[in-house]
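Next up is a structure, given as structure tokens.
Just so it is clear, A, B, C, D and E label the chains in written order, and each chain counts residues from 1 on its own.
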């Protein structure tokens, strides 16, 4: 019981950390990779919430496809834009 | 200033939301849909409750949701004509990716078929299967496989709306029979749901690949000469 | 009868969306003409039936409410369905002549339009919170697609800003839905309304929904995305967006408020929303006055007119039932007359710009002499917009004044009266420009009659609403009578 | 503390995080990720709040599935628009550029 | 719906339908347009005549329609409304004839005559409105339909005048709306009824009622150009002469004055209003406006502007008459509503003739115009003497009644105001008359000729006829159906037995 809760806690903390990294990473590429990791961790969280269907969908759609789409976009922007994003926030 | 304001707003949101969520968790709900779902399952035509909810009890949501997907696909398609499909930049010469694809694609196709089939009695279903199929398409595109059906034309648009059209036809059949919109005849429910799911899988994949394909390819310096000046 | 009308209403727009996607612009136009006839007839039939027999719940898929999704077919919903049929038909007919069929991307106009129409019908009738979310998203994405159509840089920019605002707004609403489901275990609006008395909803639910939906409705100061999106889109699209799309999110907000406001609302939320609405009236009007481009004037005017809608909240919270009814009637009439008038205005503005060949207000000199018809439609619409009699807008303003006086909330009176004057300020700026004489030569292109007649028809309806307001007011008050047909 | 409470808390925090991220970044791609993070938080709340004892409730799970697809559609559309906007203006935000 | 109850609606429709058809007519169809205009004017005159006869016999023409729950749209012909309707119908006929001649060959005539007809329709609506709500509808419609007439010339100056006109009248309309809505919230729908509604009202509401009275009068005072809300009137002079004639004599300022009459007599009731103590301040304001307008008129060098300030002054006679508690004062005010219209329209027609024929706008250019245009100048002279109140002209009747009314009600301070105003009238009209008849002509640079007549015949007849009316109204003041006897009829109904 306790270990499970610890595992859950670990999962939640890493969820938050990856989310934070995805938002704060200077490099856009790294941000997207973090975002994909976030998606995979979300899939795990869904398993823990007794929702295997969502877990599958999250892995396939959330992490997988969204990630690929984002990555492709990054490579599109990348040449001129690496590391500029968050710095422009006003 | 903005930073401060937004942070305060976000913190307030988090605290109040957390507090409310806590109260809600502590109180039982006056209605429990689980029982209703369990009662209605035998009439749903499928064995998996989530599939039953998605494609039978709340099928109207799903119908509109596929509509959203088609709209997104269409809006994307209307943007095309900047990057021709055959743009050289799209072709990759990465042999590793090519090799990977050769092994990976069949696996993904099988996985997609499995997910679709599994949907009626356990986890899985059209969305997951469609997503996997879509991912396969995206990989193929990244690998430089031309995928002729993505050329602008009737085939692409037909693929885009096929699932939606099938769903819609089934929906209106209910009304034509004198029943409610979206009602299935009970003995046919299982089969109809499978048909809808199969068509949806194809369309979902199509929309996703389509949207991926129409995004303008990497811009070259001469496309935006003013860029440097702004920096 | 209803057994066929409701499926017809849901099915035709979606089916037409599919059909139109598969063909080019001209054939799509042909299909759409047929679709328009069907939709208008069905909407009229539905309205007449409900006016005659009262409203009802329609269980989609044969599954009754909390498990399935029910449609709430009451007087208010069918009134808006009819309004949508009228305005969307006008915009579609106008677009058929206005858009250039030679541009390939224009063929996407029809399917997007039909999806938008389907989404709007869905939202008016929805009786389920999550279904409202999906409907809202369908509307938003279709609207974004319409704004972006053609993919020019300014349009893209407007579309992106719009899309992002819409996404954030929807999430706010979805959060509220999550909280509702967590509290009640059901999503059915009627079910929640029954439960709300014994299980008061958390105040945050309404606040979140209000914020999210206010962003989508472009309530000041969350209106930043609206002028660009409505001002840059093609005129028929602008007409749809201003007349109907922003109203959909407001409608959801209003329905939530009327079901849960008594328990979850507070005087702060009610007065706060009203105050923001009032600020929107003033700021929007002033901004409209300062715009140099004709369509931007009309777009900012939407920001101002949307502000009035939010007076619903203070005027229906903690007041006598009759006062709240007055406020509801006033707001509904305002919504309808604004929809008609604003659509007319955008279409007329489109015609004027087409004729003058220049989007600036100052380029309108001489228009009154050579293009009196288009200007006159614009003027009639403006009469309703300013709330001057005889028009739907005036009757709405009258009811709102009555409600404010009866509620003893005199501060809204100032807003209503000042708003009238401010709207006159920007409207008459346009007339001033067009009454200037330029000379005896006619330098303008004359749009075809078919283009000119449509805004006139809408404007005449906006005016005529002032004379027949009693009828829609009676019908929109019809509650659900119960039962399946 | 039960696991569900933990995930609900995570949902709340993700919402706050995504909200702040959405407003504070100007890069369209980052905004989009923030939107998705906030969306994930909302979905966690939707499911988590509905099953306080962690007995699965198929209805909210189905809703979340629908929600994920809608979010994906929006994301994909945003990406297409964003990439085209970048193509035409060379910008990845909406602060300036043509038509402002 | 019988013919009798449809009469008010038909009267309204004649000009409304005329307006719509005229809007549709192509610019070149001048003959048809003129025919339409004149037919509509004559038909309307006929309908009003029938109603006048009917009301005299004691018949009641009324038609109502429920616009909203609790809000009625009422058209009703009572003694007061047919009085105003009759004035409008008669003067509209003259003005139409005049306008056709005046605008010959000018552009935008479809627009002009369309809005012209709408304007008259609104005035008819104001006359026939059966309750405050209906009155408000037409009052606002009047604002909208006169704007295109004011800016008709399309010059920057005209457009600026239009702005000022709108700024005043729309604000006034909004204020009036507030008052009407407030009354409605308190008392529901209030049809106009002789002796008013508030005899038995709860004394606790007196303060509120006084405040609402102030609001209503403020809203109405804008159009009736009571100081300090008169600023738009002189500016609006850039409009074409027939428009000025209509604005000053019939439509706009009279609508305001008529509204004040309605509010005082048929909503509050003169006795209640007097008891409330709101009449006397209004009387002072009217008196001040009378003097102020006259003094300002003295210093104007532009003919139309001088006439405009004269209007500011003269319209307040009506208001002054209303505030004099007692039947005689009432009669004086009501009669002036009609007499002033006839006299002032004569003056504006003449001013238009001078401008069109001789290109004269300033008073010092009028030297010797009487010899060049004797008929016009005779008409002008009659109008001017009428304004000054010289017997036996129309203006004398009103001043006499006002003076007697003041004496009867014991408001003696009114007498010096009347005397001073008469002197001032003389001071600004006599110099004009002197220049017309006795100064030597200096020649006119933009003179135009129309064959034998001194000016275009369509421009000549209207002022001659209205001038003749000025004389007749004075001489035949006590004849049956004269304005005076009609006003006596009205006054008899407005005071409690």
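Keep in mind that, in the parts below, contacts are C-beta pairs under 8 Å (C-beta built on N, C-alpha and C of every residue); 3 or more make two chains touch, one makes a residue touch a chain.
Model, not experiment: these values are computed from the prediction.
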| item | value |
| --- | --- |
| Between chain D and chain E, the fewest steps along chains that touch one another | 2 |
| Chain whose average C-alpha position is farthest from chain D's own | E |
| Centre-most chain [mean C-alpha coordinates] | C |
| More contacts between chains, B-C or A-B | B-C |
| Remotest chain, chain B as reference, centres from CA atoms | E |
| Inter-chain centre distance, chain B versus chain E - centres from mean C-alpha coordinates, in Å | 71 |
| Whole-Å gap separating chain A and chain C, where each centre is the average of the chain's CA atoms | 38 |
| Between chain A and chain D, centroid-to-centroid distance (C-alpha), Å | 11 |
| Distance between chain centroids, defined by C-alpha means - chain A, chain E (Å) | 77 |
| Shared-contact residues (touching 2 or more other chains) in chain A | 53, 57, 61, 65, 69, 73, 76, 80, 89-90 |
| Contacts with two or more other chains, residues of chain C listed in rising order | 130, 134, 137, 141, 144-145, 148, 151, 175, 179, 182-183, 185 |
| Residue list for chain E, restricted to those that touch at least two other chains | none |
| Contacting chain pairs - touch in the sense defined above | A-B, A-D, B-C, B-D, C-D, C-E |
| Contact set on chain B toward chain D in their complex | 2-3, 6-7, 9-11, 13-14, 17-18, 21-22, 24-26, 29, 33-34, 37, 49-50, 52-54, 58, 61-62, 65, 68-69, 71-73, 75-76, 79, 82-83, 125, 127, 204, 207-208, 211-212, 214-216, 219, 223-224, 226-227, 230 |
| Of all residues in chain C, those that touch chain B in their complex | 3-4, 6-8, 10-11, 14-15, 17-18, 21-22, 58-63, 66-69, 104-105, 108, 111-112, 115, 118-119, 122, 128, 130-131, 134-135, 137-138, 141-142, 144-145, 148-151, 175, 179, 182-186, 191, 195, 198-199, 202, 204-205 |
| Chain D - residues contacting chain A, complex | 1, 3-4, 6-7, 9-10, 13-14, 17-18, 21, 24-27, 29-30, 32-34, 36-37, 40, 43-44, 47-48, 51, 54-56, 61, 64-65, 68-69, 72, 75-76, 79, 82-83, 86, 90, 92-93, 95 |
| Residues of chain B that touch chain A when the two form their complex | 2-3, 50, 115, 123-125, 127-128, 131-132, 134-135, 138-139, 142, 208, 211-212, 215-219, 227 |
| Residue numbers on chain B that touch chain C, as the complex places them | 16-17, 20-21, 23-25, 27, 29-33, 36-37, 40, 56-61, 63-65, 67-68, 70-72, 74-75, 77-79, 81-82, 154, 157-158, 160-161, 164-165, 168, 171-172, 174-175, 178-184 |
